[in-house]
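Two complexes follow with chain A in common, the first pairing it with chain B and the second with chain C.
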Partner chain A sequence: MSEVVLHCEKITQRFSGLIAVSDVTMDIYQNEIVGVIGPNGAGKTTLFNDITGIYRPTEGTVTFAGEDITGLAPHKITAKGMTRTFQNIRLFDNMMVLDNVLVGLHSANKASIVESMLRLPRDRREEKESLRRAEEVLELTGLYEYRYNYANSLPYGLQRRLEIARALASRPKLILLDEPAAGMNEQETSELLVFIQQLKKMGNTIILIEHDMRLVMNLCDRIYVLDHGMLIANGTPDEVRSNPQVITAYLGEEV
Partner chain B sequence: MFFQQFINGLAVGSIYALVAVGYSMVYGVLKLINFANNAFMVAGAFLIVLLYSWWHVPYWLTVILSLFLCGAGAVFMERASLNPIRKKGAPGISALICTVGYSTVITNLLLYIFGSQTIAVPSFSTFSTFTLLGAVIDPFTIIILATALVMMILLTWLTYGTKYGEAMRAISQNSVATQLMGVNVNRIITITFFIGTVCAALSGIMIGIYYSAVDTTMSFTIGIKAFAAAILGGIGILHGSLVGGLVVGLLETFVAGYISAGYKDAIAFVILILVLIIRPSGLFGKQTQQKV
Partner chain C sequence: MFRKAINFWAKHQILITAIFFAVVLVYPLVLESYYLRNVAIQCLLYSILSLALNLIMGYTGIVVLGMAAFYGIGAYSLAILTTKAGFSFLPALVCSVIITFIAGALLALPTLRIQGNYLAIVTLGFCEIMRIVELNWVSLTNGPFGIKQIPAPSLFGFTLSQPVQKYYLAVVLLAIVVLLMHNVINSRSGRAWKSIKSDPIAAQAMGINVFRYKVFAFAICAAIAGLAGVYYASYIGYVDSTTFNYNQSIQILSMTIMGGLGSIPGSIFGAIFFVILPEFLRWLGTFCGEWIVEWRQILYGLILVLMIMFKSDGILGGFDLRQIHLYNRLQEKNAAAEEGQKK
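On to the complex of A and B.
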C-alpha cells in the first residue's frame, strides 16, 4: 500500500456539551479519492474544519505528511500543502477569476512589502511564476477563457470549478472538497465526476464530502460513513452500500 | 478671494483625506470603524512637541519616530485587544467600543502629559508666503498637497498593484477563505492598522504645523470631519477618501468664506447629509441592491 498522507487519530470535537465529532480515526493514502458521507448533521464539515485548522479538535491528533498539525493555524496548514473548498461557495466575488487563483499562490511567495512595492527582482520573479502557474491551472480546469471575468459573473457550475482550481493551484498534497456537487444539475454533476477523475489521474489525493450517492459511489476508492459524529462504517463503495448499519442510518430502522 | 479659499480648502481637505484613509483602510479589511484613528492623529502632533521642543531630537528623526510610535500603538491595540475580541467571535460592536476606549485613553494620556491648553507645534522650517493670482500662499500648503498626493499614489499602488493589497481585498471579501488560501490574515490586518495609523499621524503632524498649534479637542473636531469624508467618499474605497476629504475641506472653507465662518461646520454637514440621502453608500460606494 502507498504512503499515508493524512492520519486522524481519535478526533473528538465538542461544542459546549454537544459532541459533533466523536472518536474518529481515519487514514488517507496517496492518490486516493476518499468519500465522507453521512446524514445531515453527522459532523462531516466539522471533521473537515478540525483537519484544516478552523477548529482545534477537543481530543485527538491530526498527522499530515508525517507531521503533527493538530491545532495549527489554518494558513500554516495550507502552507504545508492542504487546501479545501467550501460547502457554500466562498470565492472572492468582486475579483477576476485569475486573481482568485493568484491569492492562493501569492501566499507562498516570500517578497516583503517593500520588495513588492518597488517591484524588486525577487518579487518580479515570483509574480511571473505565480501568473504562469495560475494560467496553467485555469487551462487545466477549462476556465482560461474566463480569466478576466469577475468570479460572481460565472455560472454556478463554473464557480464550483473555480473553487477547485483555486485549491489546486498551489500543488497541494491533499485536497478537501466539501460538497462539490451541491446545487448542481445532472449535467454539471456528470462533468464534475469526469473532472475529479482527471484530478486523480494527475496524481492528486482527494477527500470529499458529498450527498450525491451516484457521484460518491462512482468516484471514491474508499468511503467513511459518519452518523451522529461517530464513524459507523468504512470500506469500498460496495462494502459500504451493503452495510446494514449504513442502511439504518440513512433509511431509519424497520418498524 | 475664490482662489485663496480654493487653495486653503485643498490644504485642509488633503489633511482630512489622509485621516479618512486611516478609517477607510481598516474598515476595508475588518468592517470596523477604528475610532482610535483620530486619537493617533493628534498623538502624532503631540509627539513632535515632546520629541523636538522638549527633548531636542533632530526634526527629521522626530517625524519618523512619531509616525512609527503611532503605528506601533495601533498595532499594539490590534494585537492586545481587537484580535482577541475577534477570535472569540464577538459581534463587531465590541471591537468598535474597544477602539473608542483606546481613543479616550490616548487623549487622556495626552491631556495628562501636555495639559489642556493649546500647544505650539514647531515647524521644520520657516516659510515666507508668496502671492499667486491674488492669493497669499503659504508654501507649506503645497507640501501638504504633495504629501497627500504621494501617499495616495503609494497606497493605491499597494492596494491594487501588489500581492499585499490583493490579500487585503481578499480579506475584505471573505476572511475565512483568504486564510485557507494560506494567507496570514492577522499579519495583513496588522500591516493595515500600521499603515492607516501612519497616515493619520502624518496628517496630525501637518495640521499641527499648518495651524502651528495642537490641542486634544482636535481629535474630535478634525476626526469627525475626516470620518465624514471617509463616509462621503464611500468608506473602504481609497480614492473615495481622497475625494471625500477634498470635498469636505473645500465645502468648509467656501462656506466660511462666502456664507458664515461661525456656521461653517453646520452648513458643511447639512450639505453632506443631503449628498448621503442621494447616494447612501457615498460618492464612490457601490449601490447595493438587497435581493429579496
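On to the complex of A and C.
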C-alpha cells in the first residue's frame, strides 16, 4: 500500500457537555479520494476543523506527512501542505478571481512586506512565478476567462470551483473539500464529479464530506461513516452501502 | 458618465498619475502666493495621513479612530530629538518613524484581540491618552507650552528654510508613500491584507498569519502617520498637544472615507477636498457675507449624509483601477476576436 498522508489517532472533540467527535481513527493514503459521510450533526465538519487546526482536538493526535500537527495554528498547517474549502463558500468577494487564487499561493511564497514595498528581486520573481501558476490553475479549472471578474460576480457553480482552484494552487499534499456539491444542480454536480476525478488523476489526495450519495459512491475509493460523532463503518463504497449499521443511521431502525 | 470617466482613468492610469504630479510640481512656481502654497502643503500633508489610515481601514478592514495619536508621536519625537537630543533632521526623521512604528505595534499587540467597534474605541482612547501624556509630561514635552524652535528640515547639509523648499519636501514624501503603498497592495502582503478584510477565517485557511499581518498593518499605518507628524513639526517649527486631538482624528477619518476606502487616489482626493472646502467657503464669504462660513458645519453634515445615502464606501471606493483596466482590456480583446471571427 502507498504512503500514509494523514493519520488521525483517536480524535475526540468535546464542547463542554457535548461530544461532537468521539474516538475517531482514520488513515488517508496517497492519491486516494476518501469520503466522510453521515447524517446531519454527525460531526463531519468538526472533524475537518480538528484536522485543519481551527479547533484543537480534546484528545487524540493528528499526524500529517509523518509530522504531529495536533493543535498547530491553521495557517501553519496550511503551510505544511494541507488546504481546504468551506461548506458555505468563503471566497474573497471583493477581489479578482485571479487574486483569489494568488492568495491561495500565499504559503508557497516568502517575500516580506518590505521586499514587496521596494519590489526587490525575490518579490518580483515570486510574483511572476505565482502569476504563472495561478493562470495554470485557472485554465485547469475552466475559470481562465473569468480571471479579472470579481469573485462574487461568478455563478454559484463557478464560485465552488474557484474555491477548489484556490485550495489547489499551492500544490497541497492533501485537499479537504467540505460539501463541494452543496446547492449544486444535477448538471453542476456531474461536472464536479468529472473535475474531482481529473484532480485524482493528477495525483492529488482528497478527503470530502458530501451528502450527495451518487457523487460519493461514484467518486470515493474509501468511505468513513460517522454517526453521533462515532465512526460506525469504513470501507469501499460497496461495503459501506451494504453495512446494516449505516442503513440504520441513515434510514432509522425497523419498527 | 462617472463610470466612463473611471474607465478612462483606469486605461490611462500612468498618464494621469504623471499629470497629477506634474501639476503638483509646477503649482508653486506658477502661484507664488504664500497663502495658496500653505493650503497646498496642508493638502499634501493630509494626503499622507489619509493614505496611512486607508492602509489599515480600507485594505485591512480595521477601523482606527485615533490617527492623531501616531501623528502626534511622530511630531513630538522629531521635536524632542532635534531640540533636546541634538539630532539633525534626517536621523531624527528615521528615528521618529521607527518610534511610531513601534508604538503602533505595541498598541496593536494587546488590542487586536478585541474586534470591530471595541477596537475602534480603544484607538480613540489611546489618542486621548497620548494627548494627556503630551500635555502633562512637562519635563519631556514642555507641557502646555509646547516645543518651540524646531529647526527647519535639512538634507545633506542643505537647510530647507524657504516655503517652496518645504513644499517640495512634502511632495517627495507623498510620492514615496504613494509608491510604497502602490507596490505593497498589489503584492503578496497586500493581497493578504485584503483577504483578511474580506474573510479572516478563509484567509487563515490560506496560510495567512492573520494576527501578524494585522499587527504589521497597524504598525505601518502608524509609521506613515508618524512621517506626516515629522513633516508637520519641522514645517511649523512648533508642536503642542492641542493639534493632535480627537477632532484631528475625525478629520483624517472623514477624508479617508469620503475619498474612498481601498483607493489611493481616493485618499488624496478626500484630503484635498476637506482642506480646500473651508478655505473655499471663506473665500466665498468675502462675496456673499460671513453667514456662509458659519454654515460650514451644516454643509459638512449634509455632505456626509449624502455620501452615506448614495455611496457609502466613498467617491472612489470600490473602484480598483487595476481590476477595471485588466477587465476592460480583456473584454475589448474578446470583442475584437469575435469581430475577427465574423469576418
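Convention: the second predicted complex is superposed on the first by the 254 of 255 C-alpha atoms of A that agree within 3 Å, B and C clash if a C-alpha of one lies under 4 Å from a C-alpha of the other, contacts with A are read in each partner's own complex, and residues count from 1 in each chain.
Going forward, a residue touches a chain if its C-beta (ideal position, glycine included) is under 8 Å from a C-beta of that chain, and two chains touch if they have at least 3 such contacts.
Everything numeric in this text was worked out from a predicted model, so none of it was measured.
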item: Room on chain A for both chain B and chain C (clash or fit); value: clash
item: Partner contacting more residues of chain A (chain B vs chain C); value: C
item: First, second, both or neither for A:Ser170, with chain B first and chain C second; value: both
item: Touched partner set for A:Ile247, first chain B, second chain C, both or neither; value: neither
item: Which of chain B and chain C A:Ala65 touches, first, second, both or neither; value: neither
item: Touched partner set for A:Met96, first chain B, second chain C, both or neither; value: second
item: First (chain B), second (chain C), both or neither touched by A:Ile232; value: neither
item: Touching partner for A:Leu140 - first (chain B), second (chain C), both, neither; value: neither
item: Partner chain(s) touched by A:Pro74 [first = chain B, second = chain C, both, neither]; value: both
item: Shared chain A surface residues [contacts with chain B and with chain C]; value: 52, 54, 73-75, 78-79, 83-84, 86, 90-95, 99, 102-104, 106-107, 109, 111, 113, 116-117, 123, 127, 166, 170
item: For the chain C and chain A complex, residues of the former touching the latter; value: 180, 183-184, 187-192, 194-195, 198-199, 201-210, 216, 220, 318, 320, 323, 326-327, 330, 334
item: Footprint of chain C on chain A - complex, ascending; value: 52, 54, 73-75, 78-79, 83-84, 86, 90-96, 99, 102-104, 106-107, 109, 111-113, 116-119, 123, 126-127, 130, 145, 147-150, 166, 170
item: Contact set on chain B toward chain A in their complex; value: 154, 157-158, 161-164, 166-167, 169-170, 173-174, 176-185, 191
item: List of chain A residues in touch with chain B within their complex; value: 52, 54, 73-75, 78-79, 83-84, 86, 90-95, 99, 102-104, 106-109, 111, 113, 116-117, 123, 127, 166, 170
